[in-house]
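Before anything else, here is the set of structures, which you'll find just below.
Next come two complexes, and both contain chain A; in the first it sits with chain B, in the second with chain C.
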Partner chain A sequence: MVGFALKRAALLIATLLVSSFVVFSALFIAPGNPLAQLSGGRTLPPEAVAALEQRYHLDDPFLVRYWHWLTSALHGDFGDSIAARESVSAVIGQRIGTTAALVALAALIIVVAGIGLGLLAGLRPGLADGGVLVLTSVLAAVPSFLAAIVLISLFSVNLGWLPALGNGSGFADGVKHLVLPAFALALASLAIVARVTRVAVREELGREHVQTATSRGIPRAQVIRRHVLRNAAIPITTITGITIASLIATSAVVETAFSLNGLGSALVQAAATKDFAVVQGIALVLVVAFVLVNVLVDLLYALLDPRIALGSRAT
Partner chain B sequence: MRSTRLAACAAFAAAAVAAAGCGKAAPSSSTSAARTTASAAESVALSPDTPAPAGRAGTVTWAVYREVQTIDPIQAFDYPDNTAVSALCDALLRQLPDGGIEPGLATASSPDPRTLVLRLDPAARFWDGTAVTPDDVVFSLERNRDPRLGGFYGLVFARVASIRATGDDEVTLKLRAPDMWLRGELSQMPGVVVKKAYAEARGPRFGSPSGGTMCSGAFRLGSWKPGAQLSAVANADYWNPDLAPHAEQIDFKGVPDDASLTSGLVTGAIGGTYMPPLSALDQLRSNDAVTVTRGPSFTTDALVVSNLRGALGDVKVRQALSLALDRRAFIDTLYKGMATLPRTLANPGTWGYGRAVFEADWNAQPEPAVDLARARALVEQAGAVGRTITLGMTSEVNNIATMATAVRSAGESIGLRVVFKAVPAASFINFFIDPKAREGVDAFPTTNYPDYADPAAFYTTFTAPGGSQNYSGWEDREVTALMERARQTEDDDARARLVARAGDILNEQLPWIPLANGNTILVTDRRYTGAPASFVYMGGPWAYALGTK
Partner chain C sequence: MSALATAGATVGGGRRRLAGSRVVTGLCVAIVAVALLAAVLGPLLAPHDPNAADLNNAFVGPYGDHPLGFDGQGRDLLSRLLDGARSSMLGPAIVVAVAMAAGTLLAVVSAWLGGWVDSAIGAVLDVLFAFPAVLLAILAAAVFGAGLTAAALALAVAYTPYIARVLRSAALRERAREYVAALEVQGLPAVAICVRHLLPNMVGLVAAQATLLFGYAMVDLAAVSFIGLGVQPPQADWGVMVASGRAGVLQGYPAEALSAGLCIVLVVVAVNLLGERIAQRDGGGAR
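== the complex of A and B ==
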């Protein structure tokens, strides 16, 4: 267990180092200048340019700037946002709750509806299976920004059931504001999870030991619980974990469509304005989240199937 | 991609320009071959007024295209920040919805052409109840001039020699040369007064979410949650009863997505905006839940000619391209008809003074109409048939892409080859600021506007030698002289005549080719009324007028 934790921690640190360097280099190479974005092309006197460049360390060479960022980050100082004129920790702190809640709600929808539909289709061939197949085909083909537009026009504009944009205030209102965004984010992934679940269940149902159990007269409910679901759980967990981890990155689209103040929309804006420190900070948060979700999936493997040793990949 | 709007709107410091000093002369005869009688088909004078509010509004959510990033006036130049600052703060002089300027925190007078005296209104109070003092005024103006603060308006004060408190309620600006344009700037962001003690205590955090500001406006700064919204709360003790607020609170919210903004307006989640999504204008106009009002604006959509060594260096080719442009179709496509056919480069909304003079000049100019036969003849005369024009553009910004397409079809219809140099939206700004990006580019589209209502403030940026937007080095001795005389002329009508005359020359010489004069398009929830439908939201008081029907 300790070995597993150490190995994972080392992997996380290495991933963070590499990704921070890659993100920093990409931004450095990309065209544009944060000061130009800031001043909108207005002619600035040279003294003003010098003052701003010094404040944000824009005049240092690439490696010096990266080293400066890295050493400050190790001391907990992630720098200042040029556009927002706030510390990056503040920028992230104000937004991380929204993204976490959005992804959590979407994950819940994927697990309940995705796995639920998949089991239904897998265990009940015929009408139910056909219905789920059609539904998931449609959902899988709908990108989240389109889902957002359809959901808004249906549930906000026409029916007036749910708010179209913003975060709301307080817990209940906040959740109400997140329902449509969470569905927009979850629908396509939900369809994929449902499909994989269906196939996994079908495969297990056709296995020899399941047929043997059935022919020995063991009740169907017990066969499904002990032999089918238990074994199908591994591929289902894999696909669910991967999908949920990827939600963290794709939430940007949905946050923009619903004007939510989450990390994703902040990342998009910061990248467009070359706000280095913010892009770095948010990218690191996303990497950490991604790695943590994967660790969670590994732990689940070990729990679901004692034959799998902790840290080794299930097949 | 509305968040890249700033790339399309290169703002500018109008007064950046040194006096005269002409190099090459350019022809500038006053006879215009194309002068026809003006058609009075379209009323050019749009009204900025909306019906006065009958009741008080509660909390109104006001949408801006991105979230407010700063409320420090010296660093505010883009729509969201200006809209918020002008709701919270007062400037020394007051910009009116029709572009006129009247006394604000102070009354301006000039005992001699090189002196501007600002006498403070004794009633003026900051939100905390303390009086607005000459010290605060000097401090606020000097912040613009301090390069270490990185403000965007330093060049506005190029002709100012000194700024001193000269009495208990008086500040005197000594000028190196007469400058009538300074008053316009003092009605805008550079003239906003903040409390010295407050700003000094906040240091570099001043104007940010954690530092806030201390102004004297009709709304005070409530909470500011970055990423969510900035709340402006009615200032119950506002010093000027004439401009007392009619709403309890205005929440400024960044809504970058067009679909989201439209549904927000239609469902009532958003109370109003000055920047509705153009693609949804028809939908909004036919929806009973919102009111769409069209008013005057400062903006001009134009093609910036950035290279005079190519095909566009010949004035005949520029005139031909202008004659071939189907501006009506462009306006119908992009603005659903809500823009004005440009008879001059400057928008009628910028006639802040000498209105009758400017209007008479406008009426004397021909309404732009497509004349392909004449355009082709001009191209042939210039020997430019088959020559190539390279347009800098980005297909990611709707109005830029639409303008570029309109120019391309105009050029190709008269025997020119037009090719695009397309860049990502974030790089489009480089055409304005980086000479290397302009290499090999003959022209690029822009939506452009002056800081205050004066066609001169717009013209000077691209006609003066060394002007902030004079990328091609275009120069006309007569225009330069007219502009300089206007800058020194105190009488409004006399100044307007000089500026209008310069505008006529620009119509012929076309250093920039106009495509449309924009309109302010105000969309509010049908419950609300009162907010002026004009460009005043970029610098003058507007939010106080917003209330319920």
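== the complex of A and C ==
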């Protein structure tokens, strides 16, 4: 297990280095002068140009520039936003809470409703199973931005239960403003998790060791807890983790749909206005979060299924 | 390691029965055919100018030869849906063409040569897995400016690893078969074996993957257009229409956003079911 974790950590560092390099060099793939990119086509006063040249070490070789950028980024310094006239880390600091809360709430919905519906469908064939199948088929087909529109139309405009746009103020109001976005973000993934859970439970129920346990007279509740759920937990955890990781990027779409002040919506605005320091900073944060969640899933997977770690040690 | 591979594999199991039905397949073919027809002939089929705005007609419901009514700027909704089919279908087609070409090439080269080439390609693909598709499209928009081409190419790059991984294992299976060894002994050049014998044997899987990819690409491209970094208004596009219809939704006129969204969902579901059907005929090779 320790060997597996170490190996995974080495791969993680390599992936992070390369992806940070991709995020950084994207700026220099762009046609034209990097200064024009950094200023987003605005005309800047000479001292601002000099500051940019110095900050990005534009006179240095490319790899040196990357190294400077990366080391400052590791110290939490991503440069300054040209549009917002403040540091990128300040922009990130103000907004990361919203995105983290949104993704966490969506993850909670996926875990509770997705796994719950999946277990219901898997353990109770018939009407419940059929209902879950129809529901998840519909949900899986609705993209997050359309779910956002439908939820706003239904619950804000027609029923007036929940606010449609913005962040709200204060904790309770803030959470209230996150309910619809979290559902919009979660619905499609919830359907996938429910499907996988259902199939996993079904497969385990049909296994010989489960039939043996039942025929030995072990109570059904105990058979399900010890023999079915314990084994079904492996695919369920994997799919839940993977879908939650994918929420990190999709949050940009949902935040834009609900005019939430999160990292994703800031990234979208920065991309549209070519505020490049912000794009790089937020893209890096999101990629790191995405990769870290994926690594956590892998580790959890190895914990649940010792064969994985053993297999990696053997190779 | 994300929705593409997993959703394809898991939702597939449940849909298998549904996808097998002849009626459903016919319906799916019909939906895709209508969408393709609209994409090719859209402007000719549109009863009105899709960009002719008349604010007096804003949010007016269906009447006369305006069967779906008008959007918030008083433009004929049906005409915009038909016109929007073009960019909505063209974008995913670009993604599929580029990602399938790159993915197939990488897969066959990896499987055929093996060794360090295989490891090197695998390492590059592993890094690409770290970039969610939508995030890469946003980066591309920041670098090259918002637009359909940049977004479609970025998504193609993001999806190539998934395609390459699936096809590589299929190519490895083919590579190990006896007919390949026989052809090698006969002295046929590797490229000829790959192009004339190995690839034709993988065509079912390639078609299934391409069809499923079209659905994912359509959703992602519509999302990129929705956040304003893809197709630019006033050009009609289903993703753009969902975005511009948001204002109408807030005022209680959801027709524009919902009709454009319905078009996306119908085509995506139809394409996914067809992809399942092709995978099934191929002997479930897509898994």
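To be clear about the criterion, the second predicted complex is superposed on the first by the 239 of 315 C-alpha atoms of A that agree within 3 Å, B and C clash if a C-alpha of one lies under 4 Å from a C-alpha of the other, contacts with A are read in each partner's own complex, and residues count from 1 in each chain.
In this text, contacts are C-beta pairs under 8 Å (C-beta built on N, C-alpha and C of every residue); 3 or more make two chains touch, one makes a residue touch a chain.
Remember, predicted model here, so these are calculated numbers, not experimental data.
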> If you stack the two complexes on chain A, which partner ends up touching A:10: first (chain B), second (chain C), both, or neither?
Replying inline: neither
> Is A:86 touching the first partner chain B, the second partner chain C, both, or neither of them?
Replying inline: first
>> Once chain A of both complexes is superposed, is A:299 in touch with chain B (first), chain C (second), both, or neither?
In response: neither
> Thinking of the overlay built on chain A, is A:163 touched by chain B (first), by chain C (second), by both, or by neither?
Replying inline: first
> Is A:134 in contact with chain B, with chain C, with both, or with neither (first, second, both, neither)?
Replying inline: neither
>> Applying the document's definition of touch, where does A:272 land relative to chain B and chain C: first, second, both, or neither?
In response: both
> Thinking of the overlay built on chain A, is A:175 touched by chain B (first), by chain C (second), by both, or by neither?
Replying inline: neither
>> Looking at A:149 after the superposition, I want to know if it touches chain B, chain C, both of them or none. Which is it: first, second, both, neither?
In response: both
>> So in the superposed three-chain picture, is A:250 touching just chain B, just chain C, both, or none of them (first/second/both/neither)?
In response: second
> Which residues would you name on chain A as touching chain B in one complex and chain C in the other?
Replying inline: 30-31, 37, 149, 152-153, 156-157, 164-165, 256-257, 272, 274
> What residues on chain B touch chain A, complex-wise?
Replying inline: 3-4, 6-7, 9-13, 16, 61, 66-67, 69-70, 75, 77-78, 147-152, 154-155, 204-205, 207-210, 225-228, 253-257, 259-260, 263-264, 266-267, 269-270, 423-427, 429-430, 432-434, 468
>> Under the definition above, what is the set of chain C residues touching chain A in their complex?
In response: 1-3, 6-7, 10-11, 13-15, 18, 126-127, 130-135, 138-139, 141-144, 146, 219, 222-223, 226-229, 239, 242-243, 245-246, 249-252, 254, 257-258, 261, 264-265, 268-269, 272
>> Could you list, by residue number, the parts of chain A that touch chain C in their complex?
In response: 11, 15-16, 18-19, 22-23, 26-27, 29-31, 37, 133, 136-137, 140-146, 149-150, 152-153, 156-158, 164-165, 189, 191-192, 195-196, 198-199, 239, 242-243, 245-246, 248-250, 252-253, 256-257, 267-268, 270-272, 274, 276, 279, 283, 286-287, 290-291, 294
> Can you list the residues on chain A that touch chain B in the complex?
Replying inline: 30-33, 36-52, 55, 83-86, 90-91, 94-95, 98, 148-149, 152-153, 156-157, 160, 163-167, 256-259, 261-262, 265-266, 269, 272-274
